[in-house]
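Each structure below is given as structure tokens.
Here come two complexes built around chain A, the first alongside chain B, the second alongside chain C.
Right, the complex of A and B next:
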């Protein structure tokens, strides 16, 4: 429990989730410091939502330990939910209730409720207050869910792919709202999303899941610093297997007419300088990668090794 | 609590339309009552239909809402909205089930409202539903509050059942097969247990056990529904597991508890009796058949063959209106009737230290059966539905059969014939039948007919007849059927006479001018008659086998006198009790010397066991160990040593003495 101290908003320690014989997540460990934004990334079926369900106390992991603010969410779900705001992957609510009724219902449950804030956000998102939830568009449902999640003035915001199905405008509005929240209250955020551009602008730390295993768990800046696209010409095929190339830790090599392009995960200026100066290597260049490119390199068909 | 009330008010708010629908349904009784061709009055039809519609719709709503209000969201995994809020799992479940209950019961009330406002006849209809005569005797007397409570519990049960069944059905899990298997297994346990109680005539045990089962089932259904939400949450598989584990473990506890309760209820030994209130002794006095209510078993009577010397016993399963057990003349065998739907004669070998009940394979058709064993016990006479049949109880072979009297379509008449018919197997070859034909009116006279049935020739012969008898007639024979005592009761006066067992001829009147109250045969063939209870000192008259008066005994104290037994030849154990006290009076026990007429006090505060004997075809005093048995006013069965007066309690009774 030493790692789950008061500085951590949430912590997963070797968490395994199974559905029958299928393993959704295996021995996943990571923690999110208070006030930070953690992006948990992965392809569909990587196990993100299963881990979120465990975090929210909606499912008990088969193995491992989950804590939120030092407490077990399975045993203390109701109490912890008063400190959490949740936007689920598929926002849901009683279909016959209007947004206003849902907000009124939620206001009775939280110790402190920012009713004005909810109203303001619903207006800003243009979510009609008197239309039953079942008749709202997918984007409106997501926006309502975000407004409700923020209404309880949460210490931890859990967003499970909140941009799923949202158009560009709605997506932008959602991220703006989050940025504003972070700026005002310093809320801790755990976010899963396929909108890696939006994530890149917000996240402090990134975890990348592949087939239930956590490949990456590190600060976004560190991640981006060690991933580069390296292109070079070579006069000798042995360059690919050379020690100087291995020092850059290449994930993928792509041969082209003009030379070779490699995505490396162990980039450093020194290692690159040694590689560029190695015999048989010419015109070596290194360019930074976006989070999306790193994600594709790691989780694409050919990727996998961090 | 905040979560519960929030969920409850939300669910109620979402179903506001139900109230409007209920109000519309409340107008239907007015339309029904106005339909042409109604046999009953307008108000009666309106109120009755309002009650029916209200009760039915409340239960229907409980089923529909119970199956959907939570189950659908669980099945469609839409519960995450509530689970992502600070609402406890129990509050999520209880809020919804509470809404189902309020909507079901509330809608029923709304449906009743218009009819109540219009006429107010509902109170009368409700009162009609609480009439005692319309409720089976074995159920508690109904009252309006009880009926309302019963309805509330029914609605809750239906809602919980629908919720659990709906959720299980939607899960479509292969584990449903296991659920079904457990359900069938527990159902079989409950059925077998219920059948065992039914067969043991333990009606109140069955009612109490069923009530326990319903309570456990309701608790199991509610707990299972709650467990599914609190432990399963969004995990359908875990939810099903939690539901099944809770449901079946509680149901198993209920079923096994019911089985254990039934076993405890019926597995009674003589020491469990709260007292002995009826019985009979074998001719040799080694065994007695006794009956009494068992402690903590809702006064359910149990009957035992009991050896007062060794304490060995065999529990019988008779019904009270069936034949009393019959002993063979030598006391080696006892027969009785068992079974409810299929009535079979059972037998026990009383020479064994611990007799066991054995089936004879002989079935009796009617409820009015009389049994008589031959002196050796190797032959059995059965009078049932007017037919006398003779069997070998070992193997159940029928030896002969003869029609004695016609079976009446009216059971009452048949039963009277049964009561007035006495059969005795005085030897191995013939059966004596003495039948009483009471006067059919105050002006008419009654008669007694005497017949003999020869087993070998299968011939029934009339041997004697007594006509011109009046009043209530009672007949009791000696063990050889050579004599019988005839008692005629005309108003308060008894006329008691000794009659020849073959012809019915008068041998002597017993007591002064025949006014003896009761008479019993002695072991060596004589008989003893008692005086009518008066304030004067009680008397005994001892007669020889030929009917001649041998001795007159003045007991020197007033009261009811009862000759209890003949503990040894020439000695009688006689009780004299306070006049007017009927049930287990605290008597003074005296030992009377029949030769000299002297007597001495043995013990006080007891009643001879014969006081509680079933009315029997014979009235020979008990001898042997049974002759020493007496009953205390609290129902205790006590053995008395006539020499010392020492008392040993064999069965401790707890009756409240009157």
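Right, the complex of A and C next:
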């Protein structure tokens, strides 16, 4: 173990998860420093859920090591889970129990419990305390799960696609709640989400999984700084495959009616200036990509390497 | 001239830098008066729905640069006076900002005259409102 483990809320070291012959995650390594917000992104089936199950001690990886606060969640599950708040992808509870009964039950599982906070959040979310869980909407179930996850005053909050099925108003409330929690307690957050706009505003580090492998693991600011869409006109067809083009090293090329568009993953001002001035290239422009556009460039159908 | 602080998380410019530059602009234009209170980190983070650590980073940089001042127990305010910089610091800060702007102009394919013209226009816009020319 390195001396840095004390600052890490969680750590995955070459984690491989297999189901029979199918590999769900292969040699995945990343860590989440305390106090940071890490977004783990990937398409459905990319391996996010398998890794989350390992983190929550629900599954033992075939290879590699998982630690939460320096301990193995598989063998110390109960103790570690008391320090975590989890909003699962599909929150589940006995259908006949009301939100208030579920909260009372949960309060006994955690060493410290913020009952007032749970009540306040349920009121703010307008989740009724006396309606059986089975009759709550999908959004209300998610909001109840978040209120309960925060009720245990967690050191680490795991949000597995928390905005799934939420309408815009509920999504706004969720992100405000998250901002409040971060400002108040500096909680470490591991988040998976398909709401990349929300992730973009909240995460300070992102991991992108594709077919079980981690393509990207870096600060969001760095990731966005190195991606650009370069569009240009060309006066002759020799630009493609030329040294000029190679220097730009595009991830993907697309012919549009107005010229050529290239997505570049290692953008530098110098290389771009050389490219723009090269013979055969005209009107070269570089524009930034949103996280969503970067994600599509990496994980879309014709996506390429990082 | 924008009188509000807005950020675009989808932009390639890091959010903390957008806040830093946005607040500098509001102070320069006089929209935020000297000595006026600015929202707390939490209020602004909630308002913009962004990570409070990002707002804190921008505020810290602005405080270090003398644009904002923290009064213990009272909150954060626009500094009462323009930041006192040594001429060397001022030259360096101007150069850094100029390099960022020049790169932007170059990647957009703007000509030098066009880019300099935009600076002049922006200068006049802000200077008028900030009482300087």
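Keep this in mind: the second predicted complex is superposed on the first by the 303 of 306 C-alpha atoms of A that agree within 3 Å, B and C clash if a C-alpha of one lies under 4 Å from a C-alpha of the other, contacts with A are read in each partner's own complex, and residues count from 1 in each chain.
Convention: contacts are C-beta pairs under 8 Å (C-beta built on N, C-alpha and C of every residue); 3 or more make two chains touch, one makes a residue touch a chain.
The structure displayed is predicted, hence computed values, not measured ones.
Student: Sharing chain A, do chain B and chain C clash or fit in the superposition?
Tutor: Partners fit side by side after overlay.
Student: Of the two partners chain B and chain C, indicate the one touching more residues belonging to chain A.
Tutor: Result: the larger residue contact count on chain A belongs to C.
Student: Using the touch definition from the top, say if A:79 reaches chain B (first), chain C (second), both or neither.
Tutor: It touches chain B, and chain C stays clear.
Student: Taking CA centres after the superposition, what's the angle at chain A between the directions to chain B and chain C, given in steps of 10 degrees?
Tutor: An angle of 150 degrees, rounded.
Student: Where does A:48 make contact in the superposed view: on chain B (first), on chain C (second), on both, or on neither?
Tutor: The answer is neither, since A:48 touches no partner chain.
Student: Pick one for A:105: touches chain B only (first), chain C only (second), both, or neither.
Tutor: Only chain B; A:105 stays clear of chain C.
Student: Taking the superposition on A as described, I'd like to know which of chain B and chain C A:205 touches: first, second, both or neither.
Tutor: neither
Student: Scan A:141 for contacts with chain B and chain C and give back first, second, both or neither.
Tutor: A:141: touches no partner chain.
Student: Note down the smallest distance between any C-alpha of chain B and any C-alpha of chain C in the overlay, whole angstrom.
Tutor: It is 26 Å, taken between the nearest C-alpha atoms.
Student: In the complex of these two chains, what residues of chain C are touching chain A?
Tutor: Where chain C meets chain A, its residues are 9-15, 41-42, 45-46, 48-54, 103, 106-109.
Student: Which positions of chain A touch chain B when the two form their complex?
Tutor: Checking each residue of chain A against chain B gives 19-20, 53, 56-60, 77-82, 84, 86, 88, 92-94, 96-97, 101, 105-106, 108-110.
Student: Contact residues on chain B for chain A in the complex?
Tutor: Contacts found on chain B: 2-3, 5-6, 10, 13-14, 78, 80-81, 83-89, 91, 233-235, 237-238.
Student: Provide the residue numbers of chain A that touch chain C in the complex, in ascending order.
Tutor: By the definition above, chain A touches chain C via 35-37, 172, 175-176, 179-180, 182-184, 197-198, 200-204, 221, 224-225, 227-228, 269, 272-273, 276, 283-286, 288-292.
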